[in-house]
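The structures considered in this document are given below.
Next come two complexes built around chain A: one with chain B, the other with chain C.
Then we have the complex of A and B:
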C-alpha cells in the first residue's frame, strides 16, 4: 500500500512538473494579448471552411511578403458556431485581436459595444455592393469581400409540366401567382411538399431567410426611424398578414413545418419542386440539373421581392495597438483579385464589379450574374441597430411559434414586447 | 418451484438485456455509422442495418477527420489536460478533505460549509469574471536564458487546468469517505510516531481507493467534455481540446459519417476509463451513498 501511494504521489509530482513544462512552452504563439505592433492577429470564423480559410491565408501571405507591409498578419481561425462567443469573452477580458471578421448584421452591436473602431481605408468603397459595407451612425465599421443572395430554384421541366411560368427579375411571381404555382405543382403529385423553405433551419437563418417576406408584405423587424420600437412594424396588420401567409404555406401542405436537415440535397434528390435558398447552393444545383435549373427571384408579396443583405465582413478593433497596419492590410485585401479569389473559393458574389469581371460566372452574362442583380435590386439590410442580435432571437422564436401553429398576433406581440423592453433597458442603444 | 425460479431469472435477464440495449444502441449506432458513407447511413436508418457493419464499410471517415481537423493534436491536448487535472485534483482535494475530516481546527465546519456552498453556483455565472481574472495573472516564460514575466494566462494549457483542480464535490466525497475510516487507525499510527502527512499518505489514502476512483472519473469527465471554458480562453488551434473540434464539422456541408467518426474518437477514451474503474466506482457509490 505504502509503495502504491508513493507511486501516486510521484505521479502527482511528475504531473506538476509536466504542467510546469507545458506552461513554460505552451502559450499560444500569437495570442491577441501578446501581439506586438509588428505582428498583429486576425480572427476568422473559418476553421471549418478550408476553402475560404485558404483564400484568406493566401491574401495574408501575399501581404506579409509585400515590401510595403506595415506589420505581419497572423491568422487564427475559429469554428463558426462558437466564434461570436469567443469574441465576446475576449472582449470581456480585454484580449481582442486587431482584426476580426463579423457577420454583417452584428456590426452595429459590436460598434456600440466599442469592440470596433471606424474604418479608415485607402480603398474607395463607393462601388462596392451596398450590402458589403456595414455602417452605423454614419460611420463605416466593416467591409466584406462578398455577399450572398436568396433566390428560388426549380427545374424548368417541372414548372413546364405544371403549367407555371418561370419568374424573372423583370416579372417576379406575385403572391397570387405563387399560390397558383404551388397548387399546380402539388397537383402533379410528385412531391409530399412542392416547396422547401428550409424550415429546419435555426439561428440567423430565421431572420435572414424569412424577414424579407415580412418586408415584402410591408412589415419590418423594427421601426427603422430611430430603431426604438418594433411596435406596429412587427405586429401591425402587414406583419400579421405575413404570419398568416407563412403558416398557410404549411397549412395547405405546400411546405413542411420542419424540412429535412439539408434542403439543397433534398432538392437535388427531387424531394421538392421549388427550393428557397441562397447563391451558395447554385453551383451544386447547376452541376446536378444543368440547363434545367432555373434561378428565380423571391416572391413579390406587395412591395416587391426582398432578400437579406450582408454576409461576413472585416473590421478593426478599438483596442488595436497598430490600427494603421490593420487598416493598411484591409485596404490591401480589398484589391479586385483578392475579392475574386475569395468569391471563387466560396461560391459567393464578389463585392465589386471589378472583381466580378475576373470571375466568368459573375462577369456580365455569366451564369451566376443573376445573384449580383438580386443583391443590387432586392437586398434589404437587417436593421442597423445594436439591438439586432436580440431582435433576431425574438423574431426567430416568433417564426418557430407561428410555424408550430401559434396565433400570429399573440406570437408577434410577444416578440415586440420583448424587443421594446430590451431596447428600453439598454437606454435605447445610444452611442 | 424450480421452474418458477428459472422463469423469474429469465425475466430478470431479459429486462437487463433490454436496458443494456437501450444504453448501448446509441453508442453502437455511432461506431457503426462512423464506418459508412453518408448515403448509406441515411439508407440504413429505417432498418436494423443501422446497427450492423454491413455494406460499404471503410475507415474513410476517420481519414477525413484527421484531414479536416487537427484531431491528433486535439486528442493529445485533451488527454494531457484531463490527466493533469485528475492527478492534481486527487492530491489537492484529498489533502483538503483529510484536513477537514481529521484535524481539530477551529472553524473547520464553517470552512467545509463554505466549500460546499460553492456547489450551488453554476460555472456559467462565474465564467466571465474568471476569464477577466485569469487574464490578470502573471505569466512566466523562459526565453533563452532569461525569464520573462507577462500578464495573462489566456491561450495556455494551465488556464485549462488550474481553475478546475480544487473541486468542492471531490472534497465532499473524500470527506465522507474519510469519515467512514476508523479514527483509531490514526491514533495507532500516532503512537507509532507518524505525523499528519504520514497518516494521510500511509493510512488513510491507501484505504480510500474507491473514493479516489470516483473522484478520478468525476474529475476526468468534465475535463474531457470541457467546451465553454476553452472556447473562451483558448485562441490558438494548437492548444484546443477535443470538444471544440466537433464544431469544425458543422460549417458548410455536414458529413454525418465524419461527425460520427470524430464522436467515436472522443467517446472511446471515456468508455475505456469507465470500464477500467467500474468496480471501484460502484464500491465508492455504495459506501459513501453519493450519486455521481
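Then we have the complex of A and C:
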C-alpha cells in the first residue's frame, strides 16, 4: 500500500510539476506598484539592445534634470523575449509600472484588458507617421518614437545581368514582373534560391512579414468591419490566391521553405539575389554594397504594395497613481531631437518629419528617406483588435503549414474556424 | 499511508499483554510523541513547498479547465462545464499530438532503455579508462536539452553535418533530406536526438542496478559453466527486475512529456508532424492566452500519464 501510494504520488508530482507553471491564476486587473508619486517607473523591452536603451536613458536623464519635471522617472529594462510575460505577470499581481512599452499590434489587447489608459498628451500627434500612433475604439493608447518598413533589397549589378528593371515607388513590380524577375535571376544559376523571404522566421515575423502580401492580394487577417469574423477575409478567393502564390515561390525553387538562420548575412554573402526584409538591415547592406545596393518597394499583387505598420510604442498604465507626470514625460520625450536620437541609435524611421530632418539619412534626399515613403504610402496596421495576438498565432501556423505544402483552403479554413471561435468565446472582445 | 508509523491497536495489545507487562508504560509515549513531532517537522518544509508550488497550482489548474479563464482578459471567469474538453476532443491537432507522442514513446522507450543497458554493460567492467567512457556517455545528459537541440538543428540542416557525412560516406550517392523540414523525417530526427541526449541518464540507473547484483552469483554461474549469454539471461536480467520497472516508468513519463526539442527545433511543424500534448498546452496557454483550454489539455495529459503508469505498474507487479 505504502509503496504503491508513493509511486502514484511520484507520478502525480511529475505530472503536476508540468502543470504547475500553467495553473497560475490570471486576472487582468492592474494597479500601481509601490512607487511614490514623486518617482515613477518605466519598463522597456530593450535590455538586449544597449544602443536603444542608452538613447532612452538619455531622454529620461534630461527629463529628470529639467526644472519642469513632475516626477523622477526610473528606467527598468527587460530582455525582449521575456518582456511580455513580465508585464502580464505584473498586471496579474497588480504591480504594473506607470509607463510601459508595447509592441504596436498588442496595444488593443492590453487596452481591452484595462492595462492601459488613454493618452492625454500635450504634443500634437497628427503629423506623426500614422503607424506610430496606436488607437483602439477612437482613443489613442500608445505612441511610438519610430517605425520600421519592409522592402526588397538587391544588387543593381545582379538585376542588370538578369535584365530585370529596378522597381520604384512610382512603378513597383507587379505579380507577373516579380515572377519574371525571379525566373531570370534563377536562370543566372548563381544562387540556389534567388529570393530570401526569411522563411525560417517564427513568432511575430510571420504575420508582420507575410500578411502584407495577403492584403496586397485583397485578402486580410480578419474582416475589419467590427472585427467579429475572419470568414471570407482569411479564407476567401483572394486569400487562397495568396496562399497558392506564396507556396508557388517555394515550389518553383525561387525561395527556400526554410531560409538560413540569418537572412541578411546570407544576402551579404551573396547567397541570395533579392532579400525581403525590414529597414533595420539597410545600414549593414549599404556598408557592404555601397551604391550597388538598391532598395525597392515590395511587390504589388493587386491592390498595391503593402507593408506592416507599427513597432514598439509607449503607453501609460491604468493603475498609475501619477498619470499626470507620466503623460508629461511622454510629451517631453516626443520632441524631435529625442525622436531623432532614438531613431539614429536603432536605425529606424523617426516618427515625424521634424525629427527626420535632423538625421541626414532620413532628411529629404537622404539614403534611407525611401523607407519613410514606404511607411507613409504602404503601411497597413495589423488589425486593431484585442483578438490580434490570437490571430497572429493562427495565421503564423497557417503560413508555416502552407509553406510545408498543406492544402491552402484547408489550412486557412482551420485558422478562420479557430479565430472565429476565439472571438465568440470572448464575447466579441467588446470593451 | 505515511512512512511514520502510527501506534496500531494490535501492537498496543501485545505490548500490554499480561505475560510481560512493559517496565514503564509511561516512559514510552512521550518519546514516541517526540519522534512523531520531529518527523512531521522534518517533512514540513518540503511538504509546504510542494503544497504551495505543486499541489495548489495543479488543483487550480484542474479547476480552471472547467472555466473560460484567460491569461489577459477584463471579463469575469465563468464556469463553462466541459466545453473545453468538447473542443479538445474534436480538435484534429490534439489527436495528431497524441499520435506523435505515442509514436515517440513507442520508439524511444524500448530503444533508449536497450541502448542505455548496452552502455551500462560496457562500462560495468574493470579496465583502464573506464571513468573516461562513463563521463563521455554521461556528457549529453548534463548538457541542457535546449543547447543540444540548437546544435542538432545545425547538424540536421540540408547542408548540415549529417547530410555531408551521408554524402561523403556514400561517395555522393545519398543526398539527405532537410531533416527537420520534412514531415516524414522530422519526428525520427527528434527521436534520434532525444535518445542520444537521455540514454546516459538511464545508463547510470542501469549501472546502479548492475552493481547491486552480487559477484558471487556470477562466480557460481561460471563454476556451473554458464556461457556469457546464459549469465546475462539467468543472473543479470532477473537481478535487474526492480531497475527495469523504474526505467520503464521514468522513460515513459519523460517520453510523454516531450517538449523542449519540439519547441526549439520545429515548433510542432511541419504540418503538425512533431507537435506534442505539452507543446499544444504551452502554445494555447501562453501564446494564445487561453489559460482554461491549456488547463484542460494538461488535465487530460495528467490522466493519461496516470493511466499509463498504473497499467505499467500492474503489468510489472510482483506476482506471488
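Here, the second predicted complex is superposed on the first by the 399 of 431 C-alpha atoms of A that agree within 3 Å, B and C clash if a C-alpha of one lies under 4 Å from a C-alpha of the other, contacts with A are read in each partner's own complex, and residues count from 1 in each chain.
Definition applied: a contact is a pair of C-beta atoms (placed from the backbone, for glycine too) under 8 Å apart; a residue touches a chain by one contact, two chains touch by 3 or more.
Note that the structure is a prediction, hence the values are computed from the model and not measured.
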Let me test your reading of the model: by the given contact rule, A:406 touches which partner, first (chain B), second (chain C), both or neither? second
Look at A:110 in the shared chain and tell me whether it touches chain B only, chain C only, both, or neither; answer first, second, both or neither. second
Does the superposition put A:93 against chain B (first), chain C (second), both, or neither? first
Looking at A:227 after the superposition, I want to know if it touches chain B, chain C, both of them or none. Which is it: first, second, both, neither? neither
I'd like to know which partner A:395 touches here: chain B for first, chain C for second, both or neither. neither
I'd like to know which partner A:82 touches here: chain B for first, chain C for second, both or neither. first
Return first, second, both or neither, reflecting whether A:50 touches chain B, chain C, both chains, or no partner chain. first
Determine where on chain A the residues touched by chain B overlap those touched by chain C, and list them. 1-2, 4-5, 8, 11-12, 15-16, 18-19, 22-28, 85
Sort out for me which residues of chain A touch chain C in the complex. 1-2, 4-5, 7-8, 11-28, 85, 88, 91, 109-110, 112-115, 202, 257-258, 389-390, 393, 397, 400-401, 403-406, 421-422, 425-427
Could you list, by residue number, the parts of chain A that touch chain B in their complex? 1-2, 4-6, 8-9, 11-12, 15-16, 18-19, 22-34, 41, 43, 45-50, 76-82, 85-86, 89-90, 92-95, 97, 261-262
Interface with chain A, chain B side, in the complex: residues 68-69, 80, 83-84, 87-88, 90-91, 127-128, 131-132, 134-135, 139-142, 150-152, 154-158, 161, 201-202, 205-206, 212, 228, 231-239, 244, 247-252, 254
Hey, which residues of chain C end up touching chain A in the complex? 1, 3, 50, 53-61, 64, 68-75, 77, 87, 178, 180-181, 183, 249, 253, 257, 267-272, 278, 281-283, 285-291, 294-295, 298-299, 301-302, 305-306, 309-310, 313
